[in-house]
Structure formats: structure tokens, C-alpha cells
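Chain IDs A, B, C, D, E and F follow the sequence of writing; residue 1 opens each chain.
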């Protein structure tokens, strides 16, 4: 059961925008809320750009294009039509038309035109900053994810994101990770269990914690943190089938993975998390770990520079 | 006239939290919205941490402390009590008590304890990620601002932030800049005018644009972008008293500033903006420019690592 | 004083829809909320019908008609234009035109066409289930009410509905009862007093309860439950002028009614409530009771089948 | 990604209520909205029960029990604590304690006590009708589902519900079906594709429709309606792997199922839908169909009578 | 059917406040909205009284009384507990206790104590202005209504208010009129029909307008404006049974009333409206008019001065 | 930082309306809320004017003008287009065009036409009362402010309004004061400090209170109430630089002002407040006081009569 406000988007979004968001796993209404909130920060209580209102006639139209000023993987282009439409709605001007030249997830290079726009100049100027702030940020995340995925290579080891995201933007940042070829970890504290040291302590033991979670959530994915090979083996003996090796050096990890696998005849999924960087990726992959959890896909991402140019 | 929703915060926030936020220039209700939105991302529609609910008794209490794991300037500590209170409200558990050991804006070092908490273990575990995501990010911004301010030195040249912020978090990021000793630029498109090339073109000329803005907003601050000494002098002759030198090299800037000042007997404020880094700060200051606008205080900030440790 | 949200309906409803609802005693804004909530259940957070979006072009138009597949009394037809308009608004497509061939309250027979529609095929397919769920259910209630009213005949005994309604739909179900010729009882616990055994006990006696209610609500309608002729007479002596005979057999009722009427020279209204069925109606009427309260008008109603046929 | 309002339940619900709802697949906030809406219908704009306010002291406490007055499968008991808590919140009285004697899904018999309550008398009287309306209705649905499931026997043929639900209550009615041992079909138009005749016509053919849906929703469940064995075989040839036999007699169905299965070496899921009743269940099961879609689980359900008795 | 937001008041209002408002014909939730809106104007986005926060300790308690500083009829005292409770909720301080010494509608004299309060000093200081603004204004309206009613004397001519009210406060001002002994006219454009010259023109004639309204609203009250005896008689002949004499001098009115009454054997209600003052009341009453509509009960009301004194 | 709901006005307001409000210091969204709330009072839950709906065709268009029926200073004309647009939106009719002949703040005379309107007759009739109620009231406030300002003459003594405003309308009434040439005092308890006797008592002394406020709000404006020359001098010695002489006769004030000024070499701002009327203005000005706080600008204002005339 999925719940949401009964009010749906009613702004005159460009045909196909809502469906594109839904297909990308983004709720249109939620996206609209994010965009309107961002616009409201920039336009203030009066929804007015004082400079533009004073200098640009309401009926002035322009063409513009969005151009890459750096290389990277683009993410968030599909937000551009939303920002334009919502800005237009607030200015009570017609919605500009935006044509995507490339799609989210594409590799772009400095100079590439990624989007053509034509419409009311006032709307273009008002939407520019909000749209670029979003796209640059998300493209940075996608690019870092892509770098990791490339570095992990054909090993089968997957890049997984974590709950270290910008408050209010998690679904978009998870989308950006997908654009970069990464895989989403759990969405939050609610959609999978992850037994940390604190939980094991509170329950009495890892086994007791596993048991408690399973009684409560039969059939749910349950991950267990371990900090040593011994803890890993014990966790498996206690019934864990998804083990997260936390804070180990690559060498430790290399010796821990086979020990955990040897502890049972069942399939065990093994993930690792720690202060690793892209430079560690190939070696992590060689340890045979299934998943690398990377906390820093958002915080270490460098924005990909794009600019809006009036023509 | 300041507008806002008539509903105020009703959660049992710790005494003094609301006033501290107000004194810091942050609207309590807006802060609450940001925090609740972030918690809701993490707790999902059921407001439940499945692992904690299964393993930690409702009446378990713990002490915890928040510790720096890196050096920097801290910002956002005053959000911790809000996250704890709102998490507690959603779990219908008592609100933990949080004692700040240092205040936002303080320089902290690896190992420093910045906050003591005691209260329901469930609340501590649920609030941890949301609170740390906020504080790490804002401390990163404050630290970068502080580095800039230090590099500009005693010159009188001020560091100014821009509208390049994370959608939905602008007021907090502006606060972080203040914590780092920086100065806020305009809040958005609504509270000051900034005549760019596009506006001048639309109005016919810089002079026409200046004139249009002044008629509309008598007495308002009006900034004008210029890209050469000549444009700067022309802008001043057209009546500009706040000139933003855009995209000049430091050398160009050094020659432009005195030309602009010489163009009138009035006081002219001069700012610069461009792809400058901290390493350029001292030379920028020596140009005599009044303000350096830095677009990258958010995007280039590195999170300051802090952790929550149960005791 | 009537209170309500200040926001009124802004969707481009078909001319006359709002007025028709108001004339039917249904608040347009409340109806809109019910309809949008129902649509949102069916369309999900993305407001999308995935099958239709994939297979039916946005510009496809069709004619359709709503046909009875059973006999009954129709109720809720006036919701059809609302469902169509709100579905269209969410799909950002033009609002289809709906022409009612019969009005709510009409007797319909298998095969009757009750409504013609023409408009965007996508809207027709999306609105179909929500609209039919509403109309079939309400027509079922109207039909059962009509059956009761027919069975009570020309006796003057009135059919009254009760608070046993579907949560969230009470005003619509009360409307359906009116369409079937029935009369609405009190709308809720707030618009009339009804002294049950529990209230009499709490107040000390029926007389004390009557007194307490009258002091609080001078001039209000006060009904009193009685379970025997004696209690009925006592209630009248205590000042009751509206007595509800609860749980009596038809025979008991027949002897109780004249005793109550004989207990005072004033006019006393007498109602009955119990596990009666339509087959008891004629005999109930002959007891001289003024009102029959029927708890099961909703729960025992059988949906009246109607279908939407594309042409 | 699941979206929802950032506001969570803040009423002092009884410990464990929120978690029980989440475990039952019901969003606590959504449940709260349903309950508050139902209470508001009954209590009116003043949130006042005029009879109770006049006759029952605010500090009066009582015990009560909820008793079955008929046999059936109970569903919705876990809503009782929510209704009590929200009623108490509105009356600003303490929340009564409710102890469930049996759990949703249990078979109950006339006379069984299913729930004990103790608390403020005013709250008990105010909550009674709203809570009983919900539980009786949902228990009716659960009981009808249970009857179907029993009649289908050990055949492996599963009972599936449909989108024919009460507007505003779909998630609860789907829960009731699960309580009765049934299986939920798609939640709405958004979470699976179902190609009907209208869609096939619009797309040009069943094959074209299947193709269009798959391009749009790679990997999604796609059901296809067929009305004859021939259509079934064609659908399978066109790539359908989930076929819904619509409107066939049991005999037709018996001959269609093996023809469809023979049309391909792949596994094909076969469902049927039509005006079947419980009496047809055993014969339907013997056709070898995998799923029986029953439109009438809500509309044909008979309420299970339960009553609240003060002690 | 009465509609309203499902959220009821949840602040810890003093026992009996909600019921008192409901008994006074005021919806508690609406009153709460008005009060919270007013407090929010005064406390700003931070919900803070900077002076009080700085100088008065949170745990300081005081007694206070509200005293009349002028004579008049008091109205709005029952809002005082609401203002205190909502202010306390926003300051997260205990709700002060307020004891009414007199009730709304009472005649008060300079020096009378009308209310005793004890509670947190901060709350008293914060609530003071908002509460007094409301009570003074409403008491002014009640006093003017009382003066009119007194001047009309025992004639049977009733004072009726009009739609000339302060936007956002109409229900309170209508309540104040009732406190002063006046009678409420229609609540708005929706609850009764009033045919003016413009409507008669649009419909073609008074008779056509009357006819159109009656077809649309069978059984509704329909008032008709007339400006001369002749128009009055024509209106009666056209079927009007409620005539409003508009803009006539008292003398004209005196001759018109009997002519209208003579035009039919039915009972006709006659009202008058015009630029009359209290000084005209006795003469108006003597014309035999049934109702005097006074537009200026709000705009000409003089506030009744009351003050809050800390003790 | 300015906060506000993310939703901006989306009704099809006439071009330039939003900007005009913003330039007047009124938040468009807040104005819209006020207007919609007022309309909803008048139109009821069905948003219907029953008389107009019955008698005036939906496609009837008219011209109208708003005319002064008295002399005064007009304020609130810029609300007319908002009322018309919002009424039109609710009736789903086109928005009428309104041309202002004069601007808010203009002196108008009986007979002046201040506004031309043309558009749907239904909208004109529905909007009339709400718009006139607002404009008459605000013009009354502006006119009284103008009278005061005229009476204070060229003295330099300024008229200041206070927090004695109509709940829910403060920003509009402050705007009206500005239209009349007056100056706004503090907006509420939050944007400046005002130390009264109660605060001084609570803090221990005026000096302690001043000190406490300054520590909390460095740099804020702090006003101090004094009731005698001695208190004034003491306040200045305690560091006060803004003194409010409360409740003094004009004579007392005349002797107090120079004593306060003599108490320090710094500039001290001196205000007075008390039961003064316009007749005292010239003498107040002569005392040399800087500001006169007038509590009664709203409560003593007489509406300026304007009427809407269909042509």
C-alpha cells in the first residue's frame, strides 16, 4: 500500500513529464513539492524576481540551451521541464518547451548541448538557478557513482548507496546513483533490517537480535554488521545470510570473505563498508565481496558544471 | 510584514530551542519542517525503524555523545535537539536531553565531544543519521567559509555567499556561512536587484536597466554585472553604485577596481565573482575589491565528520 | 455558521455541477475530496494508469454510455461529472462532457442508458472504476430505501436512516437514502440528543438525563430509548416527547405505542428500532409508530449493477 | 520510493499500535486519517456528542467489552485502539486501554469476547459507533473471503480481490481479504498492467498492446483479458504469460485452460473472472485455473455483528 | 451536512471551553484558527515575544484580572481561554486558568472585573493584546446592537445584522450581535435569496426573478428589494412574502408598510434598510416594519475598553 | 530569512496584480488567503450565490464602476482585482478586468469614480460585498491616519500605529496607515523589544530589563515605557535610547521631553502614548516628542463609503 496526498499535480506540465518521472521511479507529486520549495526559496513570499520584473517585458520570448561545461554523467535533466512549468505557473506565463537532447545517465562532455528550451524570457531567467542547482548536484552524484562502477569493473561486485544523503533530497540522490550505474541500498530504516552492534547489544546477542527481527518481520532482508572474521562466522552460525563487514582493511576483508562463505552451505551475501575510496575499488572487487556500501557518494561528489545560455 | 503558516511548533522541544533558532536567524517552524521531512525519508510511511523496534525495548535509556572525527568549524549543532524531539514525538517516547558543549561557529578538533545526550535508546538510534547528515554537511560549509575568511585576512574584503545552494536547505546553508564568518549575499531573486547581461540586453542598456529597477524599487540595492574595466566605468556613469566584476582574472580585477573607483566621487561597492579558489584569496583581497562572491561554498565543501557514540 | 476550508473547487467542472451538488445537499468541496481520494487509491502516487498510458493515445476520443444491468433506484449519477473532471485534471486532458439521461432517484431497469459521455478515451478508462464503485453502492442504498418506503405504504410511518454508515461516506449514503424516498435521522452525535440506557444510568435516571440535556441544549430535539411500555410511559412522564422503542417485537410495539400516546395530552413522536426486515414493514406501519429506524440500509444493500460501455 | 506527508501520528496511541498497523501492511498515518475523518462525521464541527456531554461526567470511567453477536472471521480489531485514542484526543480525555483477546483473522462465534476496554466513559460512547462500523464491515469482507477460500479447498486455486472496493477504504478492505485468507490483486491502475479489450483495440491488437506495455514497463506483470479459448491461445502466441478468462461459463473455462497451457512451453498463469458465486468455487478449482478474481468480496459481504457492552 | 477539516482542536483547552463555544453557535476549530492566526501576527514566524523571553522567567506565575474601563455589553469573553491556551501551547508552557465572572451578553460598567486569570506570566503577557483586541471589538458590536434593541423598544420590530462585516470575523461579529440582543440576517449569499434590482433586471422582472429562485430553491426564504410603495405592491402581487424597503425615508416607510400589507391576505414580512441611526429607531418601530437591517453594526461600533491588570 | 508556504498564487490574476501587492509590502499569497477566506464566508460551503445563480445567466457581462460616496483617503483598491479574480475562479468564469482610476493613498471626494470594471455579471455581484467591506474599512483607517498626519503638521513628529489591530488583518491595516501617511510601529512582539512596567518588574529594574534584552538581541531596537519625568531620566541613565512616555497629559509631556533629552548627550528618541485624539495633535507636536503612538487608528476609524454601480 502506497500512501500520498490526494492532490495530484495540476500545473500544465509538458506532455509526458509525469510519466517520465514515474518511469524513473520518482513520484511526480513529490518532485513537484521539491521544485516548488526550491523556487520559493529563490523567489520569496511575493514569487517575484525583482530585476527581471523590472527589465524584461512579460511577452519577451527567447531560445536557450543548457550546455555542459565539464565532463560527467548527467542526472536530473528530467527535472528541467518541471522547474520551467512551475516557474511559469507562478509567473502566470506560458510554459516553455524543453527538448532533451540526451537522457539522464548519458556521459556528457564539455561543450555538449543537453537541452533546448524556448519560451518566455522571464521564466527562463527565473528557473535557471533552481534547475541548474539540482542538475549540477545530481550529475555530480551520478558521475561519482559511475566512476566507482567503472573501477569495480566486471567483477560482479556492486556499488550500493547508503542513507548518507542530503535531507529532503534522498529519492533524487538515489535516482542519481542509479543513473550512474549504481544500486540502491535500503531506502531508510523501514524497508529492511540492519543489525548493528547497538542492536545486538540491546537484544543480548547477534543471534537474539536476528531472531527478534525475524519474528517481527518474517521474510524480510536482515543485514548484520560484523567487524572481524570471527564475528562473521558467528553471525552466519546464528543464521545471518547477509553480512556487512564494517571498517575492515582490504586485506582483512580478503581473508574474511572466504571464512564467512565457508561457515555454511547456504548462499551468504557479503557487503563491506568503510573509509574506502575509488582507488580501492579494484582491490575490493578482488576480495569477492558482493556489495560495496559507499557512504560518500553524495558528500564527496563534485558538481558537474552545466550552464544555461540564452541564444 | 512576515508571513508564515499559523501553526507553530507544538512538539515538546527542549526549553530554549525555539529561542536559540530565532536568535540564529532561523525560523523554528521552517526548521521543524526540514527536520520532519528528513526523518520521514528515513522512517517511511509507518514512522518505524524496523531493526530498532524489534531489538531495543521501548524503555531502554542510554547516554551518548557526539564527537568530532575531524577538524573544522561546527554548524548545525542547534538542530540536534530538534531532531531528537521530533523523532521522540513520532515514536511517542520522552524527548532526550541534549547538552551542547560547544556552540555553532566553534573550531573543533578530532576527538572533541561537542554534545552530550541522554534519553530513550530508540530515539537516539532513530535520530542519529538524520542529525549527523545535517551537521556534517553544514559544518563542511562553515569550515570552507572559515578557510576563505582566514585567507582573505584583515584586508576588509568580505566573503559573500551566493544563490548556489542545495534546494530546500538555503536558509541553513546561509546560516552555516555565517557560522564560518562569512556574509550572506541576497537571499533570492526577491530581496535585491542584480542586473546581468541578459537584463541589460532586455532593457536596452545598463543605464535603462538601472533606471527601470530604480523606478520599480526606489531605494533598493542594485548590483550590476560588468566584464571589463570599460563596462565598469560605463555602469558607474549610468549611476551604478554596486558593481560586480564577473569572470575577470585577478590581474584584470586589479586594474579594474581603481578605474571604477576613479569614475565617480561617490562611494562604489565592488564585488568580484569567478572561478576563484581559496588559493586566490590573498591576491583578490589585494585588488581592493570589497566583496568576493563564492559560488562554491556549498558544492566544494567537504563534510566534517562527526559521530554519535553510545556510552 | 457553516465552516469549511477556504479553498473551493477550482477544477474545470462541467457547468452546473457545483450547483447541482449544492441543491442536492452535498458540499461540492467535500464531494471533490471524496472523489480525488478515491481516484488516488486507484492511480497511485504517480497518478498514472500504466496500461492506458502505454496503449491509448493522448488524443484519442470516444463516446461511452452508462447502462443499467439490473433494476433499481439510481443514486450518485451526479458524481459522474465530478469523477470525469478530476480524472481529466490529473491527466491534464480536456474534461469529457456527461449528459444525464435520468436523474438520481429515478427507477431504472436493466438495459436503460442513464448517462452519455464523450471525451478523451484515457479519461473514460481511468474514471470508470471509481465512478461505478460509487454509483453502484449508492444505488444499492437508494434501492433498499425505496423498497422499505414502498413496504411501509401510505401509512404515514417514515423510514429513517441511522449512523450505521460507511466511514467517510455518510453524507453520500444519507443522500442515497433521500433518493430512495427515505428520511435522514440525525447526522451524528452533534445535531440532536439521543438518551440511551447508558446516558440515563450516568445521569441517574431518564428524567435527570432529559433535564441535563435540556439545560445544555434548550430547544433541541431529544430522543429517549425505551425497552418496554412501562419505560415509555415513564419517559413521557419525565417530559420526553420523542420516544424510541428499542428491540421490541412487532407485537410488543403494537401494544406500547397506544400506551405511550395515552400517557400525555401532548403530541409524542414514537420511533422503533430493532432487527426488522422489509418483510416486517407493513406490520410495523400498522402499529401506528411514526418512524422506523433502519440500521441496515447500507450494510444490507445490494449494489445495483451498472456498466460503462465504449461505443 | 514511498511518499507520504511528513507529519506523522502524534496522538498518544497505545504502545505498539503503530507497529501493529505497519506489520499488517497498513500505513499508520493513513489509518489515522480514515479514523479521524469518520469521527468527524459523527461528532460534527464542534467535536461534541451533545447527549454524552450533558449526561456523563468527564471523570466517569467504565469497563466495556466487544462481543461477537454472530459467527465469522474478524478483521479490523486493530483499529479499535486507534479510534479510542483519536476520540480521546479530541475530547482531551485520557486514552482508554484496549486489550485484544483475539487477533484479526481469527474465527469468532456468537458470544465470544474479542476485546476488553477500560477508560473514560465519554470516550467509550463516542468511539463505539465509528469503531463498530469499521469492524463489522471489514469482518464481513474477511468472512466472505474465508468462505471462498474454504470452498476453493486444497486445489491451489487462489482467491484474488479486485478494484471493486469502497472509495476511501481500499487498503482496509484489501487487508480484510488477507485476514480471510485471500490474496490481493493489483492495488490500482498503477502497479501492474491489465490489457482489456479497450486497450487492445486502441493499440491495434493484443500483441501491439502487450508490446507497448512492455516497452514502457520492462519486467512488469501484464495481464490480458480473453473471452474465448481462441483469444487465449492468440494472447499466448503474442507473448502473454498471464491470461484472464473473462465472462466464461465454468464449462468453457474448463476447456479453455488446457488449450492455453498447451499453446506454449512456458509457464502461463491463468485467472478467471465472471459472475461466479461461492457455490461455483469447487468447480472453478477443478478447471485448473490458478486464480479466481472475485469482484463482489466487498459488495456481497454481510456485516458480522459485534457489539460494545458496558460492564 | 456540515463539512469541516477532520483535524479537531488538540490543544489542552480548559475543560468546557469547546462545549461553550459550540453552545454559542461558534465552531471550536474555526475559533481556534482565528485565534492562532491572530497570535501568529503578533508573535511572528519564531512565535516569540522577544521582550518577555528576555525579561520574564519561564517559571514565573501571576494572577491577573480583566477589568472594564467603560460601560457596555460584553462579548467575546469566551475567547479568552482559547487565546490563553493557544498562546501557552506555542510557548510550551502550562495553560493558565481563566474564570469568567460574567458571561457574554452581560452589561458591564467601568471598573467591573469580568475575568480572573492565573498562570504563567509569559503566557499572560503574550495573550493580552490578541485577546483584548478581540473582546474590545466584539463588545463594541454587542453594545451598539444593544443600544439599537433598546431604542426599538417593545415594538416587536427586530434588529437584524447584515453582510457588512469584517472579512474573516463574520461568525464572531454575528455572535456579538446576538449577545447584544440582535438577530442575525442571512449568513451569506448562500443560505437565503435576496432579489435586488440587479437580479430583477437580469431576470426580466421581479416576478421572473422570484419564479427563477423558487424553481431552483423550493421552500427557501426569498427577500425582495423595493424602493417605492408601488414596487412593494407589485412585488407582493408577484408572490413576494418578504419585502425589503430600501433607502426610504421614515415617512415613506410609514406609508409603504400598510400598502404592502393591504396588497394580500397572506402574511408578508417587511424589512427596511437605509442610512438610519439609533436616533431613528423609535420612529422606525412605529412604522410597523418587522425588521430593521442595520449595515453599520460593525463599522459604527465603538470598542468597549477593557484592560488586563497583573496583580 | 523569510518563510512562507511553497504554494504560490495560481489563480489567473490580472497582469501586474502580484507585483503591485509586493511593491506595496503585502505578500500576494497572504492577501489571497485573506480574500478567499472572506469570499468563503459569504458564499458558504457550496461557493454559491443562490440569488445570482438563479437569476443571472452565466454569460451575462456588465460594466461597473466603484464610486466614492464620501470624502477620504482611499486604501485597498489594489485588493479589488484579487477579489474579482478569486471570485471568478470559484465560479469558473472569466476574470473581469479592473482599471484603477486612482491609486491607494489618493484623496477622493464624494462622486469620484475610482475604478472601472467590466466582466461577468455574476462575478461582479458576488465580489461586490467582500471587496467593498475591505476597501471601506481600510480607507477609513487611511483617512484617520491622514487626519492625524495633517494635524501634526510640519513639526517632524511622526504618527505611529500600534498592535491594536483587527485580528487577521494587521498587515492590511498597517498598509492603510502607510497610505494615510503614517508610519508603522513594530509589527508584533517579535521584531523589536518594548520594555513595559511588567517586564521591568520581572527583571528587577528597568536597567536589568534593558540589559537582559540587549544580551539576547544585540543591536535590536529597545523601547522603554516611562510614566514620569523621573522614570524617563532613570531609563536614559540605565542606557535607554528610545523612551515611550505613557499616559501623560500633554502638559506633563511638554516638561518631560526636555528633561529626558537633557539626561544624556546621546540622541534619544521619545514617543508618547495615551488617550489622545486628533484635537491634541498640534499640542503634542509642540512638545518636541518624536513619535505619537495612536492605539485607535483602527478602532476609531469611520468607514469611507464607496459603492459599486452597474452601468
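As a convention for this text, contacts are C-beta pairs under 8 Å (C-beta built on N, C-alpha and C of every residue); 3 or more make two chains touch, one makes a residue touch a chain.
A quick note: this is a predicted structure, and the numbers were derived from the prediction, not measured.
Undergrad: Chain by chain, through touching neighbours only, how many steps does the shortest route from subunit D to subunit F take?
TA: Step count on the best path from subunit D to subunit F: 2.
Undergrad: Tell me the fewest steps from subunit C to subunit F, where a step is a jump to a chain it touches.
TA: Tracing touching chains, the least step count from subunit C to subunit F comes to 1.
Undergrad: Compute the centre of every chain as the mean of its C-alpha atoms, then state which one is farthest from the centre of subunit A.
TA: For subunit A, the chain whose C-alpha mean is farthest off is E.
Undergrad: Return the chain whose centre of C-alpha atoms lies at maximal distance from the corresponding centre of subunit C.
TA: Result for the farthest chain: B.
Undergrad: Same or different for subunit B and subunit D, when you check if over half of the residue numbers at their contact belong to both copies?
TA: Both copies touch with mostly different residues.
Undergrad: Take the average of all CA coordinates in subunit D, do the same for subunit E, and state the distance between these two points in whole angstrom.
TA: 49
Undergrad: Rounded to a whole Å, what is the gap between the Cα centroids of subunit B and subunit F?
TA: Going by mean C-alpha positions, subunit B sits 34 Å from subunit F.
Undergrad: Which residue numbers or ranges of subunit C touch two or more of the other chains?
TA: Correct list: 2-5, 22, 27, 29-30, 37, 43-46, 48, 53, 171, 187, 190-191, 216-217.
Undergrad: Quick check on the complex: what are the subunit B residues that touch subunit E?
TA: Contact set of subunit B toward subunit E: 2, 4-10, 12-13, 15, 18-19, 21-22, 27-30.
Undergrad: Inside the complex, what are the residues of subunit B that reach subunit D?
TA: Answer in residue numbers: 11, 33, 36-37, 39-40, 43-48, 53, 58, 89-90, 92.
Undergrad: In their shared complex, at which residues does subunit B touch subunit A?
TA: Residues 3, 34-35, 37-38, 41-46, 48-57, 60, 121, 125-126, 129-130, 133-134, 136-137, 140, 163-171, 187-196, 198-200, 202-203, 208-209, 212-213, 215-217, 220, 299-300, 302-303, 310 of subunit B touch subunit A in their complex.
Undergrad: Considering the complex alone, what residue numbers of subunit E touch subunit C?
TA: Per the touch definition, subunit E meets subunit C at residues 1-5, 19, 22-23, 25-27, 29-30, 171, 174, 187, 190-191, 216-217.
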